[in-house]
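What follows is chain A paired twice: with chain B in the first complex and chain C in the second.
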Partner chain A sequence: MATPIKDVILKENAPVTILFDKHIEFLRDYGKDDNNFEFGMTDYLRVSGMYWGLTALELLDQTHSSPQEEIVTYIKNCQDPETGGISACLGHDPHLLHTLSGVQILAMYDRLDAIDVEAVVKYVKSLQQPDGSFTGDKWGEVDTRFSFCAVATLSLLKRLDAVDVDNAVKFVESCMNFDGGFGSRPLSESHAGLIYCCLGFLSITHRLDLVKRDVLAWWLCERQLPSGGLNGRPEKLPDVCYSWWVLSSLTILGRLHWISGEKLKKFILACQDTETGGFADRPGDVPDPYHTVFGLAALSLLGQAEIKNVNPTYCMPQHVIDSMQLSPQILRD
Partner chain B sequence: MGESSSDESDTTFQLYKDRREWKDVTPVPQDDGDQPIVAIDYTEQFKDVFDYFRAVLQSGEKSERALNLTKDAAALNPANYTVWQYRREILKALNKDLNEEMDFIEKIIVYNQPKNYQVWHHRKVLVEWLQDAAKEKYLTETVLAKDAKNYHAWQHRQWIIKTFNLYDGELEYIDSLISDDIRNNSAWNQRYFVVMGTTGFTEEVLNREIDYALSNIKVVTENESAWNYLRGVLLHDKCGLSRNKKVTEFCEELYNSGNRSPFLLALLVDMCSEQVSQGNEDPLYNLERAKNLCNELSEKYDTVRAKYWQFMAETIEKKSKKEESQVEAEN
Partner chain C sequence: MHGRIKVRTSEEQKLQKQKEQQKKLVAYRMGMKQILSTRNKENYDPASLLLSGQLLSVNPDIYTLWNYRKEATLMELKENHSDAENGDEKSIEFCENELRLTEQCLLSNPKSYGSWHHRYWILNHHPKPNWQREFDLCTKYLSMDDRNFHCWDFRRLLVNKIGITLTDEIAFSTERININFSNYSSWHYRSTLQFLTDAESVAKELTLVQNAVFTDPIDTSAWFYLRWVLSNPNLRKTQKDELLEALEQLQELEPDCKWIVMAKCWLSGNITVLDKEHVENNVHYYKELIKLDPLRRGHYEDCLKIVETKID
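This part shows the complex of A and B:
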């Protein structure tokens, strides 16, 4: 039966070094380009978009050049006075995804004082369901992504005590599959992005004891393809964002060394756009801030010297996590 | 992210600001603050529709024209969850025929936005309101026919099967997907979902599922999904991974035929590991064989994961020493 493995082939002239200055230029100018219609569509993910771009700049040690005060004011204005949640953009309804992104940016700037912290806590608390799960907004979509967003947000605000953590853990545990991975809901297919969310959740709540460590780490290693890139599920194409999700998961499990870091690095570097800067999902595709931050963060975990250390649980600069005295659980030998 | 697309062709689109029936409404432009951090260049149509949408949102108007406006707004930006929320509020307020809405969202899901969280959520809420899941299997099948691994479609399908107890015929459907693409991991996962939701792994079902996995492994021996499924099924075998005769005989035969699929070797390693940690001295599944297999894997058949195989060899060796010292202590 002709069912070859899905993968890409890296071109010989693909970039092999990090295009440092190009990326800074790309991140600074993103959205300024009048022809960039794609970005015009993205008001509904603006605050998260800002988190990707600003985190990427910080990892490149370039935060000083971004208009911090304006950003802080913008996020402050996106906090909904009624529910306490943060919306993607002024005038939209609040959502847990953007609430986390907003809190992450403010934490990075040490400006959590700008928002009503207790109101955010109240908002997150209101989204927890009787089975321990969280919905993303008041309309009730349940997903393990939101379990992560909830505890990440609360831990950055030092208010993890505000929700029923044991019950939240039970729900995440119920999403563990026979292959050791996690899906969005009980018995949903294992998916690297959701595995990251669940491991991040268990790292923050210090319950990594529940994980089938080596079974899961092996499944994660199996995501590496001959090109060096990582996919998110069996038989899918490699994608730079999975470099982050798989790699951060392996780091949390203390098994980063099980894959070939060298081959992965080659794949990630090949996804850089040599003309515009930025990283794309795969070599030759259009770059965007989302794949750029995850590409840089993955390179950071692989020990790339020019990039600041990133924390595998929060996807934030390690120095921020340290200065906040947060200590998410990481398994080590 | 999708392209702008409304039902009507864009050339015939009349801007809301030019429509007589909207003269009474003052559009509300996007407020990006005094100094926008990111300049956004909207198309004229996009700006027009959303300026009016914001006006309606602010005034709380729930009318036919507002419902149509949300349709245009959703078509321009289906991922904007505020639009969908407001649309549902209008549907409720006007007591609209929800079956029409089902047809509308079905078209968007199938032709436009099969990977968008908001449209699937909208569909789910409608099914809940109607308490009617008659069309859902067909809808997900249409989407999966185009992309058999669409996570949203599988999630929706699992939800309706579980909520409305629609397990009948699901194994046959999965079978057809697996015969189309034997490596379809989503379909393999769905098989597990169905067994868990119906019979559970009774002895009979366990046997049937082992046969199913093995017969598919025989067709493509380097298929991660089928091997993973086999391991998942064996979790329910009281004798463990390494004592199911059907499985061990299959594996040994495959190995002896010269097959060196990394997944076969990996299972053999784990069988050895299980026997060693139980302190048995099995002629087939022992430390020596585990070490040889790990060597072969790290040097020849799965070099990219060499570190993992070295770790496995060391772990099994440690287990065997621990067992030895325990036996000595007992003697």
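This part shows the complex of A and C:
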């Protein structure tokens, strides 16, 4: 009773080069028509969606093509005057996920002055729990994703001192598993997305010494499937977004060379939509900005020359991280 | 968008679909407008509450609507609190309705963070939460999809509430593994139960995981668990030797299976004394792995470098 390996087969006519112009068109047009169904129905994730699309454009060196002033005003209007947190869109509630996305966009445009920074700091601080964990908003959902969002936001605002970092580290450390990976809460199963969040967290707080480096890097490199694509957990299908979660994690651990970059690149390129532009999760699926930014960012880590360098911890252009004088920890040999 | 296959449609079908989509978009926007315009800190509008349930059934990721329902729940419970006669009953009915909504949302989208959280939040505000019923439901869901990590996380929260014994949970995960060896989630769950504290239990565990990898050596899940069991300090040396021998035999049947070679590396790893034969074996294994598994060549080359430093 052998279990077949879950994977996809790349077609022979799959694209093998980056369709630059198509992607730029795809990203620019996304959201231009307010009555587009997909766009209109996803207002509850708008600010994060903007971060995906705008970062993708930035990586393609198209910063001039974004209506920056409009974007800055939009985010400014999404800051909740009561709590200081940023919401997905006007009328919706503030949440840590969108707070980070909003801060990332403003940092990219060097416009953090547009929002009330102290109010954001107060908001993030208010979400830390006695055990060091963070909730996503006032309703109490705890997740290591939020630990990452909290320290990423605060570090971009240069206010990491506002929270109890030692306690926050203790919580993240308590989420480490037998395989060296991390889950969303203590004892939760390892998952590449959450491993990225926890490694990103430890990278920002400079505590990568806590990681079982080679056990974890082995688990991560085993995510590569014969198609070249990466999955997020054992026995799952490959997906472009895991190209990012796994690859950035391996980069942070200094073990990028433990997978075949060439085969991964082939897989990511095959996930491009040759008609509309954009990347999908797998070849032949519907593309979206989320998979587009993570596909491009992964190609950047793989050394694709035409794409700007991306920072593996923040998933933002490296030049932005440099000019802000941030130096997240990365393990090297 | 995950796993949505792009389909070709005719112009006519496309127009028809666009029409339907526009209707849905208008309905969504009007619904949100009504809910948000009636939202206030004192009371909730029953019609808006009903509407929010309808919108969430279609899309449980609209997080603000779950928040809205939590606010309404708190208002309802507060008001019922002052009703000594029927208050409890009314609150129970309200909470049960919330549970039904989350169940409906989870059936259509079992990975919705918002639905899972709302369910747990409601149970914690429920005057008489039926944790046993939740637990049984969770067991049922896991039998439908034993890789849903939200469901495993939920189970952990419930185990804390109703005091299920460790023995019960070990038995549960053994049962899941016997149904399907290829179940990383169940193996992971076992690793969290912290029962491998003496030589006897480690020996039994090694037998279980050994059976799994020998039944289906291509499947990866159990190999990860095997590596972890092999790192247990309570493992007897005789068992290690027996396993190595069994792996040699298995390799004759499955000469291309890299996992067998890797397991041999783990068994001869941690060389503290310089044993020439061990080192040479390891060099041989890693060279074999480079051939069997070229994707991870960089990993094996790094391992090889470490081993080779041990050769004079």
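As a convention for this text, the second predicted complex is superposed on the first by the 327 of 333 C-alpha atoms of A that agree within 3 Å, B and C clash if a C-alpha of one lies under 4 Å from a C-alpha of the other, contacts with A are read in each partner's own complex, and residues count from 1 in each chain.
Simple rule for what comes next: a residue touches a chain if its C-beta (ideal position, glycine included) is under 8 Å from a C-beta of that chain, and two chains touch if they have at least 3 such contacts.
Since the model is a prediction, treat every value here as computed from it, not as a measurement.
Student: Chain A superposed: clash or fit between chain B and chain C?
Tutor: After superposition on chain A, chain B vs chain C: clash.
Student: With the two structures laid over each other on chain A, which partner does A:G91 touch: chain B (first), chain C (second), both, or neither?
Tutor: Once the two structures are laid over each other on A, A:G91 reaches both partners.
Student: Per the contact definition in the header, classify A:A280: touching chain B only (first), chain C only (second), both, or neither.
Tutor: second
Student: First (chain B), second (chain C), both or neither: which does A:E173 touch?
Tutor: neither
Student: Is A:D239 contacted by the first partner chain B, the second partner chain C, both or neither?
Tutor: second
Student: In the overlay, answer first, second, both or neither for which of chain B and chain C A:D80 touches.
Tutor: Neither chain B nor chain C is touched by A:D80.
Student: A:W218 in the overlay: touching chain B, chain C, both, or neither? Say first, second, both or neither.
Tutor: A:W218 sits against chain B and chain C alike.
Student: If you stack the two complexes on chain A, which partner ends up touching A:D61: first (chain B), second (chain C), both, or neither?
Tutor: Neither: A:D61 stays clear of chain B and chain C.
Student: Does chain B (first) or chain C (second) touch A:E189, or do both, or does neither?
Tutor: Touch status of A:E189: both partners.
Student: Could you pull out which residues of chain A sit against chain B in one structure and against chain C in the other?
Tutor: After superposing on chain A, chain A residues 1, 3, 5, 35, 37, 40-41, 44-45, 91-93, 95, 137, 139, 141, 177-179, 183-185, 187-191, 217-219, 221-222, 224, 226, 233-236, 255, 257-260, 263 contact both chain B and chain C.
Student: Could you list, by residue number, the parts of chain A that touch chain C in their complex?
Tutor: Within the complex, chain A contacts chain C at residues 1-3, 5, 35, 37, 40-41, 44-45, 87-88, 91-93, 95, 137, 139-141, 143, 177-179, 183-185, 187-191, 217-219, 221-222, 224, 226, 228, 233-237, 239, 255, 257-260, 263, 273, 280-282, 284-286, 288, 290-291.
Student: If we count contacts the way the header does, which residues on chain C are in touch with chain A in the complex?
Tutor: 1-6, 18, 21-22, 24-25, 28-29, 32, 36, 59, 61-64, 66-67, 70, 113, 117, 121, 147, 149, 152-153, 156, 181-182, 184-185, 188-189, 191-192, 215-216, 218-221, 224-225, 228, 294-299, 302
Student: Within their complex, state which residues of chain A touch chain B.
Tutor: Interface residues on chain A, with respect to chain B: 1, 3, 5, 30-32, 34-46, 49-50, 67, 70-71, 73-74, 77, 90-93, 95, 137, 139, 141, 177-179, 183-185, 187-191, 214, 217-219, 221-222, 224, 226, 233-236, 255, 257-260, 263.
Student: In the complex formed with chain A, which residues of chain B make contact?
Tutor: Answer in residue numbers: 1, 4, 30-33, 35, 37-43, 46, 54, 57, 77, 79-82, 85, 117, 121, 124-125, 149, 151, 154-155, 158-159, 181-186, 189-190, 192-193, 196-197, 219-220, 222-225, 228, 231-232, 235, 266, 304-308, 311, 315.
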